[in-house]
Every structure is written in structure tokens, then in C-alpha cells.
């Protein structure tokens, strides 16, 4: 209780003075950091610090309840909320301090300075030297918290109720604001599986030309099941759609060969092995031509 | 009896109303109706005249008040008439000559599909002119004054499809309006001076105001007279007015309307008598116009323009006489009447000649017409003799009186005026002889007209010749009738007053001099135009500088054109520009600047919450500062 | 030391917070600065209640805290949804107030 | 409480406006007839007002007075003096002719299929204007007058901007832009004047503590209200500025030619013959009665401005190439005469000015409406596009000439009486001004005759050939007007008898006596 008596004094104890000067400086520095730090996280942390110091000041001023509430609500809840949001938005989202609005910085500085000076001047020439500490007030109901409680539940009871309503509507509002309506039905497991597989190539890629029946770049190699695999052709050609089907190519070659052999031998009839053997050279010719086509 | 006075005016007015508003259904009877009503008013006039003769000299004047026209504060104007010897003289002249010219017009305008309207206008003119001479106050006189101006405007511009006619009409009206300024200012002066502008009170109380005021009034009246009577410097319209049909030229621009100025001055004699300076100016104007008109008349080849010049000059005589004061008033009016006869006759003759010559007006294309249109020749000849003042004919008496009066003015003034009038007489003789010779004598100089067929002159129909004959009769005998036993003098003297003046030389001398002057003029003219040896060229020779100037009305038209017309055009055009750029520009400029300013202010609203916040914050700071200051103070 | 210094401190902090609001573009930081201003006010209130020796000042401060809490909730929710809609938390991006 | 005749006279056209506007779009003709009927009924009421009015009775008669806004002592206070009566009669007389003349002006164009109902709107607006103008002639409460003074701008704005002259040289778009320009100019000019007047009205209330004309006048007369000289002058200027714009007085005139040029002829008549009269009327009633000292103080300047208006307007009229603009500038010149007469402070001048308002209304209506008929026939406003009309349409030309002659105030037509009275009245006090003003009659003759010569005479132009002469409807519009011109030209007594006593009152307001003649003439 002698603490209360101390508080009754019109000037404060040296201890409080020291505490004020030390912590006050820190608080100001914290505030400055809050507005000067590049990253929102740092600002938040500095602000938290300032708030804690303020809590101490509350206590020092005999507002024990408020001091605690300050620590719990502000530093504990609100600042954490800030940090969460900062994370949502992205911790690394450092906004450049370069000013975009012309003259904004100077105007702001000017206004701030003038405003501060004026406030301080105002306080300065306001006659505030009669101090009736909180002793009586706190003592009336036997303690700060009791005193507050008495006031809140008697004098300010309606305001208190209304704040309750306010809080409720605030929470609802927050939910409404942050709630996102789902537009499409939730995915089934099957869809998820397909999503995982689709577009992907499960087995290993074929080595280019392994099953190649052809050495032209733009002709896809054949998979074991005989289907051409576009993966064997360079992406550029794939995108250009300049892929030729090898099987089709082979048939073309054979047709061309038959024509030529007919011209050369001048006789009809099934083509023998010899001719097949001769096809190699013909193939070669064909290759060259194909390559020309491909490169063209 | 006096209730008849209104009828004098009402009859032709009714005619005008019926003919102008009646529409086509009157086309066939229009001219007859118009003539009948003109005659009616002449008959009434005659009746009033007779009645007036029966009365004693002192109570001859009649008054009739119809109703109160304007009554505001002290400003009292009545529709009231005054019929005294002076007015009745004019009434008879106007309605008489008017009726004759109506008759003449029946024939002259026969082939014009708008004849009905022509007669309507003529009737309108008669009504207005009668109103002018019958009014008993200056404002009502102004009413008639403007009315005849309107009628003359309508009649000069009767052939509106001719731009020249429309322009001439407009010119006549405008010049007359300039004169009207004078009349209206005179009326205002009378109102502010005498508190009234009725003839009786004003002329009665002339003695009670300053001579300067009277001079001002007199000069203003003179300005009005100049406008209406085509006196220098407002004479320019009369020549162009010949664009109108010839009967109009005869009635309005020779016999009656142009003499209204003389009437005004004689009527206001009391004012002029009391304002010698004004009188002097009147005399000067008269003298100048006399010479001006005579000179112009010598140079014109257009027969009507030549006659117009002579009209100008003759009215110059009258104005001069009127300016002489009591010595001259009577003779001014007398010359006015006789002139009304012979000049109307001359014009009608000219009209008849034109009628026979496919409306050719150039005398150089006439010649030798006496055989072809004898009646015209005779009547025109009598008129000619009358106007040059051939002894025994009316012009001789009246003009001689004026010349005597001019001498009787006395002093050097008298000598100057007298010699001018003599010179004028000589010149008159010259140009009238010229007209006569070029028109009726010499060999034929007829030219094919626009359609290409030569004119075949013929005598005009009865309806045209009879009036000419009657007028010729008047122009022969009127003068003698008037002056034998000073009838006219005794008749008018009670109204206008008369002063014998003191002639430095005897009347006989003057008469002799006059005769000499006229013989001189005639012989010169005969030498120049009459001899077979020296035929008149069809195309006008270049002529001397004076001749060329005279042909152009002594250049005063060019002066008007350069100074007034051109200058006016430039003035108005520049004013239009000023109005658009300056006066309006100021307004639009203000609007534009306001718009620009708001556009700039708009830029402050850049939409960034933070800059708004700055202004809020600054505002708070300012508020705090304010409160602190208030506390400190 | 006179407790008036608490008021000076409060004024200082308030001004700093206000200046921050004007200077920073990041909505979250702006919001923090607002909180700072509120706290400054609270400090002043507490100091006042000490001066005048009654608890009303503290009551007001208490209500301020409650309201601030509510405000923070809603405000942050707004910021989040804003960030969702236009992947940035810069206050200058919302400049639709321009004429 | 007797039958509120004045209110009825003003309300009837308003009702008519509403009814007309309510007529369904298809029944266009019904709307026209309805509008005509209402305007005629209004005229009948106006005649009743004239009949009930005792020229030599109290200054304000048929008075109605009800409290309106108690807190500011604003009253709904009506009353007419001689000046108001004749102007009410003029308005009620002209509007039927305006409606009849504008019979087809608001018919929707063939190709346009807009569901908007222009015809109904047109006639409703005209009736609305009539209602407001009449009420403003009756109002004896400054505040009430102010409201009407401003409110009549709204229907006029729409009449000018919404129903332009279809005979426009240039494309429709150009016509539309010029029309809106003219309308906006009209509105802005008059609003500026009105706002300054509002300031003066409030100032007057602050000074005098009442809006009622009579109360203030009495207070001034009894001397219990004496304004400081400067206050009075400022208030006077505030009022006069608004009225000078409305009148319009040089150099505040430039809105009139645009407005009259772009509007249809009947609307132009409405502007110059009816609405602008409110300005000159208000000078007589409010400026002179409320601020006699300041009026006398400002007289020299105003006289000079009026003279400038006379000569300047006439000269510009001579310089115009557009028939309607020419008439507009002529009107400016005539308004110069009216203002001159008012501020000559002689009974002749002021009676003349009042008569001038009436006669100018009739004569301008005659001239402008015939010009409108002419323009609708040929589809052009440019003088140069006409020529020789007199040959093909003699009656039209004749009426046009009569209208013109009345504009140049030929004796025998009513404007002569008023103009001469104004001149005499001015001359009696300011001889020089009188002489300068007299020169206006030559200029008037010049612009009228030039206009007539260029349009009506000369060889017939091909475009003019086959132009129909006046139709019965148009004759029905013109004939009565011309008859009135002639009648009042020869017998203006009915007007002067009503006006003179009122003018005596205003003269006594400004404590001016007519200058005595130098010599008492021997009667």
C-alpha cells in the first residue's frame, strides 16, 4: 500500500524518474524504428517493444490493470496478429522507402514537426502542476482493479455492453472479409491421382534413336509397341509440329523404290531379296533427301 | 362647319384603308374609289373655303378638337385641327392638284397590276399631307410630316423590283429622318421652354423667352424644312426620288410635299421674326439651294431630273422668301401655289412624253415631238412659260414678287439676295428653254428601246390630258388672279403678317430686270440648243468640269457616299467586330479563366489517401495553432 | 521529475506515429503506426487520470484498447482480402479516389 | 377575404403548363389547343384585373398577403400598381400569339422517332414562363420576386436550348452546339446577376429587417429606417446589376443576340417582349422605390450607359447579316430608350418608358413573328438569302413593313408615342442626352429600311419564288397585333390613364418634380 502513497505525491520518486528517462528513450527509439524499418516484421517487433515499455509506464502510473491488459492484449494478441498477417502477406515483402508522391515526405516531416512542436507547446503552457495522485481513487474500492470494475459495471456499463457488441461484430466482420467462397466441388481421390499422373511420363524416357528406323532428326523413334514417341524429337520441332511418322515414311520410300526398279528393270513382279538389299542405297538416297527436307 | 375639317382627312384616309387592306376584290374599282375620295376632300375643302369667305377677316380661323392624344404630366397633345387662311390655301392646292393627279394616274398606271395599291398610297399621302397642314400643334404636324414621308417612301419605291427605286425610296426616307430630328428637337425645345407645342400658345408667347432659344428652335425647324423640302444640305434625295412613277413626282416631289418645309417656316413665322440669326440662315440656305438646283437643272439630260433640279431651285426661291420674314411670307406661299400648278403641269407633261416614248427619259433621245403630241406640247409650253416667268403668266407674278421682296430686304443683304434671285431667274429661263427645245423642237433623235423597236409617239388618253389642261389653265391665270388687287396678299396677311420693306429700287425696275434676265437665259439656251446649224448630240458631250460636276449633282452625292455610306459601313463593321471580340470576349475570357483555374485545383485531388492524410494532419496542426494563439491572446 | 513528462512522451510518440502514417506505403506498417498513436493517447489518458486522481481516464484507455482490438481485427482482415485481390499491401495502389 | 384574382391570374397558366405537359405523346394537337385555351383564359383574367384596377385608387391594389416563411418574415405578398397592370396585360396578351405562332415549331421532325414529347414540353414551358412572369409583376415581396426572377430562367433555358431554330445555316450539329452555347450563356449571365441580387436582397433584409416592399418603403418614408449612404448604394448596385443584365443594358447585352438568334421566333419574342420586361419593370418598382437616393446618385452613369445602348445597339443592328440577330440588337437599342426614360426621372420619361415596354413588346412581337414566318418558309436566317419577297408574298411583306415601321417608331404607330415621351422626358432634364438619343431614330430607320429593302424588294430570288403568302393562322397572329399598334398609336389614353398615377408615385418616391418650362405659355 505504500506504493499507493508514493503515487499520491505530486512529484515522482527518483527511481521512477530514472526508469522514465531510460525506458522513455528506448520507447521513442522503438517508435522511430517502427516507422523507419524496411521490413514490416522488424517494425512489428519494434512496436511490440515500445508497447511493453508503455505497459511498464502504465504500471508506474498506478494503472496496474491497464498495464497487464496492455501486455496481454496488445503485445500478446494484437502484435501477434500483426505478425501473422505479415507472414500471410510475406515476411520478405520489404517495401522500398523511396517516396513516390512528390513532396509527400517533406510535407509529412513538416507537418509532423509542426504538430509535435505545437502539442508540446500546448502541454507546456497548460497549467498542469496540481497532482492529486491515484491514492484515493484506487483506495476507494480497495484497489485499482476493483475501482475500475466498479466504474465499468456501474457508470460505464452501457458503453461496456456496446463494446461487447462491437467485438462480436468485429469478429464476424473479419470472418466475412477473409472468408473465400468455394466455387468448384472438392476433388475426389481419383481426380487427385489423375492430376498427379496426367501429363507426366512414368516410364523412363527412351534413348533417342534406340528403336529408330530412321536417322532423320524430325522422325520420332518407335516405342516397343510400335507407336512413335514424340519425346524423341527435339522440343522445337515438336512445337512446330514438324514431326513425321516413320512408318508412313518407310512406306513412301518403298513406293518410290518400286517405281524406280520398275523403270530400271522394265518388268513387273514381286520384289525379291536382292531388291531389298538394293534398298539400302536407295534408303541412303532417301535419307539425304529427307534430311534436306528436314533442314529445309 | 368645323366638324367638316376632320372629314377632309378622313375621306382619303378611308380610301387608303380600303384600298390597302381591302384586297383584290377592289382591283377593278380601286382607282375610281381613290379618285372619288380625293375629289370628296377637295369638295369639302372648297365648301370650307367658301364658308370662310363669307366670314369677316378676324374669325375666319376654325378649330376642331377631336380628342386628347397624349396626356402625361404637363405633356398635352391633342388631335385637334386648325383651319385658317394659310391652311385652307394648302388644302385647296393639295386636294385640287391631288385630285387632278389621281385622274391622270388612272390613265398613266393603267397597265400596272398593282394600280389599286398605287391609289391607296396616293390617298394615304393626301391624308397625311392634309393632316400636316391642318394640325394645330407641332406634334400632330410631326405626325403628318412623317406620314407624308412614309407615303413618299412607298410611292418612290412603288416599282420595288427595280433596286434603284428601292434604294431611292430608302434614301429619301433616311434623309427626311435626318430632318425630322430637327423637328422633334424643336418640339422638345418648345415643350421645355413654353410647356406646350400648340401653335397658338407657342407663337403667342414668343416674346417671353430669350432670342437664343428662339434661334435654336428656328434652326431646328429649318433643319426639318431642309429635309422635307430638299434644301441644301439635305437635298440629295430629290433627284433619286424621280425613280417613282411620274404622277408621284408631280404630286409629291413638285407640287405639295416638298413645299411642306415652306409651310413650316411660314407657319412658325413668329419664331423666325424674333430670331434674325435663324432668318439669316434660312435666307442663305434658300439662296444656295436656288443656285444649286438651277445649276444641276442645266446639266441633267434626264427630263425628270432636270425638272427636279428646277423644283429644288424654285423651292429655294420660296425658302428665301420665307426667310425674308413678313416681307416675303405671302409671296413664298403665292409662289408655292403657282409653282404647284405649273410644276405639276410640267411633270405631267413629262410623264405624257415618256408615256409616248416607251418610258424614255433622256431628252437627248427626244426631239421634234411637238407635232406628235400637240396637247402635251401646248400644256407643257404654257407651264414652261409660267415657270420662266414670262410676263403675264402666274410664275411671272409670284417670282417677280419674291425678287422685289429680296431687294426690299434692304442693305447689301438685299442687293446680294436680289441679284442672286435675278441670276436664278436667268438660269431658270436657260434650263427650262433647254428642256423645251430638246424635247419638242429640233429633229427627231429617237432611239430604239431595249426591245429594239423605235418609239411611235402619240398623244396620251383623255384621263391624262384633261388634268394637264386644267393645270395649264391654272399656271396661266393663277398668278394674275392672285396679284390683281393683291387678293392673295390680303387673304394671307392676317395670318402671316406683311411688311412692305423698303425697296432701294422701284418695282418696275425689278420687273424690267427680271424680264431682261429671262430673255438673256432664253436666248443663250436657243443659241446652244435651238439652232438647226448646231443639232443636239444624242450622246452627251463630255462637257466642262462644272457640267460634269452638275451632272453628278455637284458631287455632293459622291461626298455622301464616301463619307456617310462608306464611313458608316466601316463603323458598323468594326463595331460588330468589337462587340464580338471585346465585349463578348471579356465574358468568355472570364469563363475560360475560371475553368482553367478549377482544372488546376482539381490536380490537388490526386486520390492518394496519404496526401489527403497530410492535408488533414496539417489542418489539425493549423487548428491547434489557432486555438493556442487564441488562448495566448 | 514531474509526471507531465509522460504527456510529453505521449505527444512525441503520437507525432511519430502520425508521421509514420504519412510516410509508409505498406498498409500493415501504416496500421502499426496507428496503433502507436492509440497507445500514445492511452499513455496520456493514464497520466491524466493520475493527475486528476480519478479512474475515468483509465476507463477510457481501457475502452480504447477494446476498440483498438476490434479495429485491428477488422483492419487486418481488410488488408488480407486487399492483398488477395491485388497482391500488394501498398496503400498507394488504392488511389481510386482520384476525380 | 375576396377572390385572390392576382394569384389566379398567375396560377392558371401554371396549371395549364402541368395539364399540357401531361397530355400523352400521341395527342399533340390536343396539347396545343389546351395550351392556347389556357393562355386565352389567362388573358381573360388579366382583362378582369385591368377592369378591377382603379387607376386613381391606392398605389397597390388587389392586394393579397399571407405569411410564407415566418422565421425570415418572408410573405406571399401580391399587389399591382398601374405599371404592373399594363405589363400583366401585355404578357397575357402576347402569350396566346406566341403559342399560335409557334404552333408547328415543336412538332417532332419526320425522321425522329424519339419517345420524348417535345410538343407538350414546348407549350408547357411557355405557359410556365408566363405564370412566373405574371407573378413577378405582382410580387410586392422582395424575396418572392427574387425567387421568381431566378426561377423563370429554368423554363427559358430549356426553351432556348431545347427548341432551336430549325432554319439554321450550317449542320445540325453546329446548330445544336450554338444553341446550347446560347442557352448556357443566357443562363450564366442571368444567374450571375441573380446571385448578386440575392446578396443585395439578404443585405436589404439585414438592413431593413423586412422583405416587404411596402413596409420598407413606409419605413423609409417615415424616416425610421435610414440606410447609410454607402449601404444604400451597394444594395442599389446589387439590384440594378441583375436588372441591367436582364434588361439588357450595354455592356451586359451580349447574351441577347445569341439567345434570340438561336431560339425559335416565338421564343425570341417571349425573351425580349415578356421576360426582359421584368428587368426594366423591376428598375422602376424596386430600384427607385427602395433606393431613391442611390438611384439619383447613379443616374448620370446609367443615362450614359443607356445612351450607349441606344446608339451602339442600332449601329450593330445595321451591321448584322442575320435577321433575328438584327432584331435582337434593335431590341437592345430600344431597351436603352426604356432605361433612359426610367432614369430621366421625369413623369414623361417614366410614363414613356412604361408605355415603351408595352409598345416594344407588341411591335417586336409583330416584327419578329413575321420574320419567323419568313424564315420558316425559306429555311434561312441570313438576309442575303432573300430578295423580292414583296413580289411573291405581298401580305407578308406588308405586315413585315408595318412591324418595321413600328420598330422605327413612325407616328401613328404606338411606339412613336412612347419613344417621343421618353425623348421629351429625357430632354427636359438632360438636353444633350435627349439630342443624342434622338439620333437613334435615324439609325432605327436605317436598319429597318435596309432590312426591308434587302429582303422584300428588288428582283425576286429563285429560292424565294413560289413562297406562299401568310396563312390564316399567321394572319390571325399578326392582324390583332397590328391593330393594337395602330390603336394605341392614335389613342394611347387607356394606357396613359392607368400608368400616369403609378408614375406619379414613383416620382414622389425619388422626390423629383418635372422641370418647369421657362415661361408659362399664354394658355
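Labels A, B, C and D are assigned to the chains in the order they are written; within every chain, residues are numbered from 1.
In the analysis below, a residue touches a chain if its C-beta (ideal position, glycine included) is under 8 Å from a C-beta of that chain, and two chains touch if they have at least 3 such contacts.
The UniProt protein names, listed by chain, are A = NADH-quinone oxidoreductase subunit J; B = NADH-quinone oxidoreductase subunit L; C = NADH-quinone oxidoreductase subunit K; D = NADH-quinone oxidoreductase subunit M.
For clarity, every value in this text was computed on a predicted model and none was experimentally measured.
Steps from chain A to chain B, taking the shortest chain of touch contacts, total 1. Distance from chain A peaks, on a Cα-centroid basis, for B.
Taking A-C and B-D together, the chain pair joined by more C-beta contacts is A-C.
Distance from the chain A centre to the chain C centre is 26 Å, each centre being the mean of its Cα atoms.
Distance between chain A and chain D, defined via averaged C-alpha coordinates, is recorded as 75 Å.
With centres set at the average Cα position, the gap from chain C to chain D is 66 Å.
Between the CA-based centres of chain B and chain D the separation comes to 37 Å, rounded to the whole angstrom. Among the residues of chain C, those touching two or more other chains are numbered 18, 22, 25, 92.
Among all residues of chain B, those that touch two or more other chains are 606, 608, 610, 614, 617. Across the whole structure, chains are in contact as follows: A-B, A-C, B-C, B-D.
Those residues of chain A that touch chain C in the complex are listed here as 7, 10-12, 14, 16-17, 20, 24, 27-28, 31-32, 34-35, 40, 43-44, 47, 50-51, 54, 57-58, 61-63, 65-66, 69-70, 73-74, 77-78, 81-82, 85-86, 88-89, 93, 95, 97, 99-101, 104-105, 107-109, 111-113, 115-116, 119-120, 123, 128-138, 144, 147-148, 151-152, 155-156, 159, 163, 166-167, 169-171, 173-175, 177-178, 180. For chain B in complex with chain D, the residues that touch the partner chain are 20, 67-75, 79, 139, 142-143, 145-147, 150, 153, 157, 160-161, 163, 165-167, 169-170, 173-174, 177-178, 180-181, 184-185, 187-189, 191-196, 201-202, 204-205, 208-209, 213, 568, 571-573, 575-576, 579, 583-584, 587, 591.
Contacts from chain B toward chain A in the complex involve residues 606, 608, 610-611, 614, 617-618, 620-621, 624-625, 628, 631-632.
Interface of chain A with chain B (complex): residues 101, 104, 107-108, 110-112, 114-115, 118-119, 121-122, 125. Those residues of chain C that touch chain B in the complex are listed here as 18, 21-22, 25, 91-92, 94-99.
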